[in-house]
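In order of appearance the chains are A, B and C, and numbering begins at 1 in each one.
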Amino acid sequence: MDKSFFSLQEVESSYGRLPVLHKVSLQVQQGEIVTLIGANGAGKTSLLMTIFGNPRATHGHIYWQGKDIAHLPTHHIAGLGIALVPEGRRIFPAMTVAENLAMGGRNSVYASVDLEKILEMFPRLKERFKQRAGTLSGGEQQMLAIGRALMSRPQLLLLDEPSLGLAPLIVKQLFEILEEIAKQGMTIFLVEQNANHALKLADRAYVLVNGQIELSGTGAELLDNPEVKRAYLGSL
Amino acid sequence: MTAYILAQQLVNGVVLGAIYGLIAVGYTMVYGIMGMINFAHSEIYMLSAYLSTIVLAVLVYWGIQSPLVLILLTLGVAMSMTALYGWVIERLAYRPLRDAPRLAPLISAIGISLILQSYAVLTQGAKTKGIPTFIEGVTRFGDAVNNVQISNIQVLILIIALCSMVALNFIIQHTAFGQACRATQQDRGMAEILGINTDKVISLVFVIGSAMAAVAGLLVTMNYGSFDFNIGFVMGVKAFTAAVLGGIGSLTGAMLGGIILGVSESLFAGLVNSDYKDVFAFSLLVIFLIFRPSGLLGKPEVEKV
Amino acid sequence: MHLKHALKDALLVGVLALLLFLPMTGIALAENYSFNARLHVPFLLAGMVMLGRFIFSYALHTYHSRQWVKRLIHREDRPRFILRPQRHWILLILFIFGLVLPFTLSNYGLNTAILALIYVLLGLGLNIVVGLAGLLDLGFVAFYAVGAYTFALGGQYFGLGFWGAIPVAAAIAALCGVLLGFPVLRLHGDYLAIVTLGFGEIIRLILTNWIEVTGGPNGVQVPTLQVFGFEFTRIAKAGGVPIHEYLGVAYSTAYRYWFLYLVLFLVVCAMIFVLNRLRSLPIGRAWEALREDEIACRSLGINPVTVKLSAFSMGAMVGGVAGVFFAAQQGFINPTSFTFFESALILAIVVLGGMGSTLGVVLAAIVLTLLPEVLREFSQYRIVLFGGLMVLMMVWRPRGFISLQRRQFEGAA
């Protein structure tokens, strides 16, 4: 049995015959912001997808509030209070903003209330409420994806490279919003390539290299870490 | 070539198109959600002709006389039975092949198609079956020489088809299930992550498509009075053509595509040559798939690499 | 515990089967609204299904049987049994056997053998398109028809003889293959399948309706078989000399069949040889590359256009040649022999033969032709069986047997 809010223990997974995660262990406590940084292809997205069972973990455990969820079918995970803002946003392009948000809140009794709050948080979405999501800009789609995730009132919010492809100003806004969400009590697990913002925001961080956790520490520690600086914070 | 003849062809065409639309809906939904042409769909339609007739025969045997009751009961029972067939077929022949190479579910579907056809022959014989018409009556516009007529059965077909389409459209646009359908169609993985059991959604799509085909089966049987195990094949290709015409994946497209095909086929048969009307329909299919796969009403899509 | 689960499972499946079978098998429609109830049939069938499911759930879920099933299902890339040096002897023996066979068979047996060989040829042709190149052509029967009608109509209008017909039909069919292949190049799997189906049907409908040229549903007479001026008939029909008179032997209807069989057999052997060679030539590799991943093909510099066209035309050519033999055997052809059902049948041969495996296709064609003859009482279940086997084959081995046959990498590339 595990005491932490959310943790991976010695998780391994592969795409077909290609292994991607090697004995990955990490923890997230309630109310924390934890970030996972790493280069392209290190396995960050694979890690998040393994949490959802696609690809399924071949070894190890994934504990959520004390229960091992590693072998649950993908569609069971959302009902447990975990929401994902995936890489590439993956909003439903032919549906309107309203419908996308409704998709997130489909199993929540508080859907209409939360909708109001989210529209306040993202005024742009309120403007484009009836517009087809496929016509939104990258930044707006990202907001929509986050809003959709929040609509389900998750207890754990997973984000996969939310800053990818966005202009620096939008990225700044994005992280401000994440900080705000965290302040309201959300537990956040953030996977990012943009190490600078992520480490500044996070309480704790892990570094993923070739499917393995190489470093861990507080956000501040890793910001000062010379290796991290060289590998991930150089181009800023 | 008077306006009356033209109008008559139009009437016949719209009725024919309604039937095409009902079956096309099944093709378009399955293609939209799974990217696969369900070759066995037309045999489901054929099966429902048999099932409807069997139900009718039993009901008449039990002494039910009222046409309205007969139709409603037959509709309900035949739709349920046909839906069950659709569900079983999906579970047995398509679901195991979700992650198989592209050709596999296609070939499996053809296998099912063969099974269903021979199933009909083995259980009911290869001879044409028929039912006597139990709805008489024709409405005539015009005089005895120049007229347009529409039979009561044709009116009934239009009404039932319209109601079915409206009901289906409502389900897809305004219910949670319909939402789940659309989400699964646009991004299946994301739908799963959001908590949608896409396997169930897909099963239900098959069930609904089969139910709509069942309606078509009953209507066609009532209209023409006869059928055999072979009616599925040509109908299937034409219904798929209708789905393509209206933009594959789109529900309203399938319905409209049906009408368009029905009317144009009818006009061709009446005005040009009725022997080659099947060639006409098949040629439309070939031409559109080669030159404009998004159909008349759909939007051209870029092939994702 | 386990038993209870299996029982419940079987019961559910049994009820489901009963619901499914009850209307169609339990009630046979007769005239008007009358029917004959055979309610014992669905119960019987449901019972069988229930039993089968119970055995499956219970017996096959013990540890050992599960391991056995797992090995059966997941057996990949195990080398086939044929050892290299002995292979040549086996082939030689089979070849001689094939040459000698016709003289031991009755006319009925001969007819069946010829039919089997025709289906072998058809299977080989479609195998190129579907099995090797991965293009689902559902209108293959059109090329078969083209070949047959080329001979028949060619004989009727242009005096085309048997020997002449073979290359001419091959050429015309190959041309048709290119003509068909060209517009459908950009189409992917499902659309390709249905467009080819459409084409096949259009051809058949034209053959049926263009009565002035093709004789329509009444068909066309095939010219009397003539070989170097010799005929196989009792009395000369087309100005040649009946061969039995020339040789001074008694007339027998078998001569014609022997001739057809032997020529066909040689053609089939030649085809098998050529196809095997092609597999290791660049074009054969290109076909397989196309089947695996078209986009990767393009990025490797292989032009999918020419590859697809070559597959289509080669397959079509083989189909056309098969058509000539069919026409020669039947003596008379009409459009009913060229329905979509034939295409589905040939597809079944390719699928059951393992999609890409030459040996498999040959075996499948022979078995599928012989089976209904051998098991006469069960011949009405033939189609259900084919369909069921196709589905089972896809669920078990969606990629066919080709991965098992691919020759291992020998030495430097």
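Here, a residue touches a chain if its C-beta (ideal position, glycine included) is under 8 Å from a C-beta of that chain, and two chains touch if they have at least 3 such contacts.
On a predicted model such as this, the values are computed, not experimentally measured, just so you know.
Asks: Hop across touching chains from subunit A and tell me the fewest hops that reach subunit C.
Replies: So the least number of steps between the two chains is 2.
Asks: Which chain has the mean of its C-alpha atoms lying nearest to the mean of all protein C-alpha atoms shown?
Replies: Nearest to the common C-alpha centre lies chain B.
Asks: Which two chains have the most C-beta pairs in contact?
Replies: Comparing chain pairs, contacts are most numerous for B-C.
Asks: On a C-alpha centroid basis, what's the spacing between subunit A and subunit C, in Å?
Replies: For subunit A versus subunit C, the centre distance works out to 53 Å.
Asks: Rounded to the nearest whole Å, what is the centre-to-centre distance of subunit A and subunit B, using the mean of the C-alpha atoms as each centre?
Replies: Subunit A and subunit B have C-alpha centres separated by 44 Å.
Asks: Using Cα averages as centroids, what's the distance between subunit B and subunit C in whole Å?
Replies: Inter-chain centre distance comes to 30 Å.
Asks: Would you tell me which residues of subunit C are touching subunit B in their complex?
Replies: Residue list for subunit C touching subunit B: 16, 19-20, 23-25, 27-29, 32-35, 130, 134, 136, 138, 183-184, 187-191, 193-195, 197-199, 201-202, 205-206, 209, 295, 340, 344, 347-348, 351, 380-384, 386-391, 393-395, 398-399.
Asks: Which residues of subunit B touch subunit A in their complex?
Replies: Touching subunit A from subunit B are residues 176, 179-180, 182-183, 186-187, 189-190, 192-198.
Asks: What residues of subunit B sit close enough to touch subunit C in their complex?
Replies: My answer: residues 31, 35-37, 47, 50-51, 53-58, 60-61, 81, 84-85, 88, 92-93, 96-97, 100-108, 110-125, 129-132, 233, 237, 240, 275-276, 278-279, 282-283, 285-286, 289-290, 293, 303, 305.
Asks: For subunit A, which residues count as touching subunit B in their complex?
Replies: Those in contact with subunit B are residues 52, 54, 73-79, 84, 86, 90, 92-95, 99, 102-104, 106-107, 148, 152.
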